[in-house]
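Single-structure report; data block below.
Chain lettering (A, B, C and D) follows the sequence in which the chains are written, and residue indices restart at 1 in each chain.
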Amino acid sequence: MDLFGTAGIRGPVTEVTPGLALAVGQAVAARLDPSDGPVVIGRDGRETGAALAGAAEAGLTSGGLDVRRAGQLPTPALAFASRGRHGLMLTASHNPPEDNGIKLFADGTEYDRAAEREIERLVDSGPDQASHDQWGTSEEIEPLAAYRDSVTEYAQRVGAPLADLRIAVDCGTGMAGLATPQVLTTLGADVRALNANVDGQFPARESKPTAETLTDLSRFVADGPAAFGIGHDGDADRIVILDGDGEVVHEDTILAIVAEHYVDRSEAGDPVVVTTPNASGRIDERVAAAGGRVERVRLGALHEGIARVREAGTDETTVVFAAEPWKHIHPEFGEWIDAVVSAAVLSRLVAEEGLDSLRDPVAERPYRKVSVDCPDDRKAAVMERLHGRLPETFPEATVDTDYGVRLDLPDGEWTLVRPSGTEPYIRVYAESDDVDALVETVRGTVERAVTDAE
Amino acid sequence: MDLFGTAGIRGPVTEVTPGLALAVGQAVAARLDPSDGPVVIGRDGRETGAALAGAAEAGLTSGGLDVRRAGQLPTPALAFASRGRHGLMLTASHNPPEDNGIKLFADGTEYDRAAEREIERLVDSGPDQASHDQWGTSEEIEPLAAYRDSVTEYAQRVGAPLADLRIAVDCGTGMAGLATPQVLTTLGADVRALNANVDGQFPARESKPTAETLTDLSRFVADGPAAFGIGHDGDADRIVILDGDGEVVHEDTILAIVAEHYVDRSEAGDPVVVTTPNASGRIDERVAAAGGRVERVRLGALHEGIARVREAGTDETTVVFAAEPWKHIHPEFGEWIDAVVSAAVLSRLVAEEGLDSLRDPVAERPYRKVSVDCPDDRKAAVMERLHGRLPETFPEATVDTDYGVRLDLPDGEWTLVRPSGTEPYIRVYAESDDVDALVETVRGTVERAVTDAE
Amino acid sequence: MDLFGTAGIRGPVTEVTPGLALAVGQAVAARLDPSDGPVVIGRDGRETGAALAGAAEAGLTSGGLDVRRAGQLPTPALAFASRGRHGLMLTASHNPPEDNGIKLFADGTEYDRAAEREIERLVDSGPDQASHDQWGTSEEIEPLAAYRDSVTEYAQRVGAPLADLRIAVDCGTGMAGLATPQVLTTLGADVRALNANVDGQFPARESKPTAETLTDLSRFVADGPAAFGIGHDGDADRIVILDGDGEVVHEDTILAIVAEHYVDRSEAGDPVVVTTPNASGRIDERVAAAGGRVERVRLGALHEGIARVREAGTDETTVVFAAEPWKHIHPEFGEWIDAVVSAAVLSRLVAEEGLDSLRDPVAERPYRKVSVDCPDDRKAAVMERLHGRLPETFPEATVDTDYGVRLDLPDGEWTLVRPSGTEPYIRVYAESDDVDALVETVRGTVERAVTDAE
Amino acid sequence: MDLFGTAGIRGPVTEVTPGLALAVGQAVAARLDPSDGPVVIGRDGRETGAALAGAAEAGLTSGGLDVRRAGQLPTPALAFASRGRHGLMLTASHNPPEDNGIKLFADGTEYDRAAEREIERLVDSGPDQASHDQWGTSEEIEPLAAYRDSVTEYAQRVGAPLADLRIAVDCGTGMAGLATPQVLTTLGADVRALNANVDGQFPARESKPTAETLTDLSRFVADGPAAFGIGHDGDADRIVILDGDGEVVHEDTILAIVAEHYVDRSEAGDPVVVTTPNASGRIDERVAAAGGRVERVRLGALHEGIARVREAGTDETTVVFAAEPWKHIHPEFGEWIDAVVSAAVLSRLVAEEGLDSLRDPVAERPYRKVSVDCPDDRKAAVMERLHGRLPETFPEATVDTDYGVRLDLPDGEWTLVRPSGTEPYIRVYAESDDVDALVETVRGTVERAVTDAE
């Protein structure tokens, strides 16, 4: 059974059932030994979380492992609590309330593909119980306060004190309400929280933070004295930043700012930032300016990228930051996606320089993303054709064909063409001062390739 | 020792210490018997609440009573949980974070003055422990869900379904964040919550909800699509309503609306609304229009007023509502001040008629309140003089001298003159279409009385 | 699927798995509505109990019901806590530690056969979840103290104060350790407890209390000053009494003593004791002497018997006691099997009269039970033959063929012949001053019937 | 105020009140800083423990420290949980139920005299609260399972597996019921537990384990198959061993056995056993035989003795065991008195060699203790005289006058003369094959000194 997608197990609770949570719990237990320590179980604010957590606990303990119940908390706080042991988080991140999901962690890091395959195999092979005198026990723990303290302490190493910096935070009735306002307040900010009550039905806004869903926050910031705004998703692994006018700051700009900062303060001889092919060249520019380099890895595979950089690197190589748009790993703090840390770090940076100054050196070129129809069974042939034709179309470009075809053009312009993993499309991403022209050229080449592959 | 003010025991935690909470716990226990049932302990979100609650618990159990720990919850939810037993709430309501306090409840109602005096006497008389084999035990309970369900169910009897009515609620990082958004959402509203995270330091705004402290909410409502706004204090016994323009609706107008509604739907032959002398004549007008009558009682003594009305009344007499400005008792639901119920009931009324239509029949005459200097030792002589002089000044007025001197003039105009209980002032309240003229006339009379009493 | 045996669902945890507990939880939920109230979940001391309880909770809440978690407690305490709602107990009673099981209660009474059939049908029909926004919630409760108080109060209505009566109680590391010593101590006894630590592996003795397993208790009582001994099984629904010499008092004698007591103190015009066909005539004798009557019902069906007696009875009819050997229902206290109540009631009776005096009027005739080989497929034919032949062999007997063939002979002697429900035997029970002769006569008749049915 | 006796704060709860617990909590907090970590609070089974623990928690948190609530557990388990932080235990050890007390721990070791004096001074100086925004928080923890696991693991390093060794344990309804039976069972023993239910009123026997109070255990062991018996006090810091005949093994013999074992297995060049002046010479004999040495320190001051030995010693010096009669410190496991460890270690030694073989090499000479009347004001003069006269009376003796006058005679005989700290007596201890003669000689010398000092 293919349980795991790019973000763990996720789907409607008619599929992610208590029975499945029980089976996954037993599968996790089957791979481990009591000496690996207890498994920490957490959940986001969804109404279905408690039952799924109870079923997962039954699976783990009947499989012979001890459990620590951490209750409702952000996904990064569960990852934090899983250091030195394993963790199981019930969350569907920013999916709608009818969904739920399971994320697995080992020592702070999400299970890799190999571990996920083993879980899938074990779930398929049916229930696997320990002998009746080997079942584990369960205790309650409260890691949230320690997590908040750690984030606070970590953030104090960068930027400047928040000294009454006014920040508006829209928690979207998700788990961020238990962490971001508290951390920023402790850091000295004057925080105004929207939707910081926990409600797993997400009644106030869709859980995914976007320009479309953050209209309340946008108005609140635009009309009021807040220096900037922060929006989170349901389990606080995503962050969106709004400037003082209530406008969403482009996710790649945020990446560029944080990446530059981390490279800048790193004492490593070879500081590396890991990101994904669809991430803008502005990141590369800022990282290069600060004396570091960027490595790209396919979407949803940041950990794989981190591991690869380390393997290929020297003693001087240090991954200082790893991020997809909206999702940031701060390796010095911990190797999980952590938007609470992002909120704290960015706030400290803003307190030091102001958001405008931070953005100033980042070249925010126009960006577009389009989809070209292409039946699934023709994708391979189309991409093969494009491997040749796109470089021909842009002879001046540097070509990277690791994940789709990425062309880097002079002046930080670039385009990426790759097949969608789930839908009948070829995706075209482009960033350029004249993005429409660039997109049209690429789209034409792709459409011809689709036609030719018929 | 004078422990109790008009709102229970309240003050800085350098005075409301764990030692005092322990002593009050033992005093409560000394008046009761284990057969009176356990005492429910609750607290608001202040950081000092847990320690004070622990000390109170130690006092109660060492005094021989059992305890039920209800944790953080709104004061009205604690009152709800104290039905059929006693309750002890650690809260300083809307006071600043350096304060805390103790409110005592018996069967849902705050201790009356006689019971408070007995507690004071017992605290003065020193520690009073039960025999070592008679100490009580303590258990955790979670009454919050049942409270929210009850409020929801109660509110459904009035007005209309909230069908996506958009309501903005500013919880001020107080206890309302655990109840009002949830109740309104369950009732069908589209709720946007401000400061619904719990923070006992009240970092987002002062806890007392006023036009001055609710600026964020005001802007949020004025600029956005919310039909109206609700502001609460730290323990959710106060409510302030903002109209769709973000303007505070006068507290007496809210009282008039709710009072009229309760009289209107009452099937009693003699429906009575209890309020205080400083409350506007607009309440009397609406109550009279709906076929009921108003009785007044001194500030902070609504329960005394309710009791007096019942004693003096007939079988047909029913107290349908009792309220001071911002603080409402809904007797059919329970005899405690409950701003969560107010939020739910008002929302259902707004859903039915619209806030403007509700306000329309209420005559919102201009209102002013001024203070005239008067040394404490002259207050009695001044008031005695005014008992005679004010009626002389306004021969057309109906005079009531129960609590100060209140003069009701034609067309719903009125003035109230009473000595401040805590400061060297005579207070003058007045409401009139020409309020300045009325105030000046009264002020002159008062000032002369002060001079004459020299 | 045939889940339920005579004592609910029970078996090794390789059969009574978390998956089954989850399915039973959802099945229970499918028959009920949230308005039926929450379901109380309890468990005995087995190590597998917590995981199964967690799975059952996941089933119930994902099925839309709320849950109250009562933790470890005796089965009768769970039944007590299920009054006015439903209850689910994880226990395999006195079975070995590798087993566990599920008992279901509605308002204090075990599910009847019809309800069990419906649960089986629902489990067979597969998972049945509520809509994602209808899943229930779960809270912890602690009903044990209230249960112990209720038992104490109830027992004080009978017999005499325990005034330092020394009683030895062997809790067998089961749930009785949480209730019987405490109740007896509160009643004034000087209790010495054996194996009152909770250990679900039953390391000190087999959980089933018998003369063979209670050797420690027997010695402890025989050699010491305890007036008598009490032995319990793993979940405290069984009780065995040892006299001052450490000898097990015959279970039917205990039944006769308690039954006589209840009939004696009943003010009903038609007091009835319900018992089973294998229970001794000495019960009938004592009940008759006290002015009551006995009704028998098949083993494991006391509730059915109680219901039948009530239906067939008049306004004067009251079931005052219902019991199988070792398992007693005290209807005035509650309609569940309750060995803690039995311990308390018997102790108060002993305190009043002494155990010897209580036994004195009970005719304790010799008793034997033998098994005659008989293939399953011949049982029906054999029993048919015996319906005729046994009465012929004992022409002086009163014959009852409701459950097997029971012959009541003069002087309280009796014999019962019935096919085993689970093994290839015909069971012969007999009680007589010359029990060997009686048994041999009956055995001969049965063996001939088996041979003839070939 | 002199709060602390030789065993911490202890007395009737009319003196050890919630008010005192609150004050001690604040005093502990006043000496520490939040960075010293949270304070773990535990309590024994007394009914007054929960209230006192609540008051102590209020004191600690209002003093600015965080708290971890460990609930009911043995004193050694609380000491275990206080490693790396501080601990506060509510217990009056084996005192009657009307008493309670407070023991303070820093990193596993009881507060020394200097720390106690500081607490006394701080309690005297009155309440001392932290600023309202610095009060600590409190969480529940469950250290009992980890403690049992650690003890089990530690004991497995010595002796032999318990392979069904039958051991009777009388827990005296104290805290041992939560640890000793479980640990011994996990180690493989066949444990029979007496009074393993927790009851803070100690209804089954006095809490102090002595030959007089352990009559039930004695009979149980004498008449049954148990290899030996173990008796504990209320908080499991004391242990008494009964042999297979149910006779108490002399406490010094137990000390000698364990001391010899620890010296024997030590790899240190200078293994030292610390004990008290009233402890028998048989200890010295066995320690010497194993190649170690004994150091003595006044009663109640084992930690002082340990520290002194370490200071005075070399790199080769290791304190391998420290004990007063019935109270044992196992330094390799932890520096607190721990009778659960003693139970486990002794059981493993018995499993290896048998109790008789262990006792065999220990010379169990007759022992007597007598008291000679001596007014308090004459004690100093009497002891001064005896410093000279006793050595004269026994010219062959080695003399030690550190704590009273101790004379070691040839063949392991010895006598100790010291003034009682609390009563008008001079105590004489003696051990000798002809103990009566030795006692009479010493008594004569003492009486003469008393007369002469008149």
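By our rule, contacts are C-beta pairs under 8 Å (C-beta built on N, C-alpha and C of every residue); 3 or more make two chains touch, one makes a residue touch a chain.
Everything numeric in this text was worked out from a predicted model, so none of it was measured.
Considering the contact criterion stated above, the chains in touch with subunit C and with subunit D alike are A, B. Interface comparison, B-C versus B-D: the higher count of C-beta contacts falls to B-D. One inter-chain figure worth recording: subunit A and subunit B are separated by 47 Å, centre to centre, where each centre is the mean of the chain's CA atoms. Work out the mean CA point of subunit B and of subunit D, and you get 58 Å between them.
The residues of subunit A that reach two or more other chains are 137, 201, listed in rising order.
Subunit D contributes residues 171, 173, 177-178, 181-182, 185, 190-197, 199, 201, 203-204, 216, 219-220, 223-224 to its touches with subunit C in the complex.
Remark: subunit C residues 12-14, 17-19, 21-22, 46-48, 50-52, 54-55, 57-59, 61-62, 97-98, 100, 127, 129, 132-133, 135-138, 201 touch subunit A in the complex. Chain contact summary for the complex, subunit A toward subunit D: residues 137, 139-140, 142, 145.
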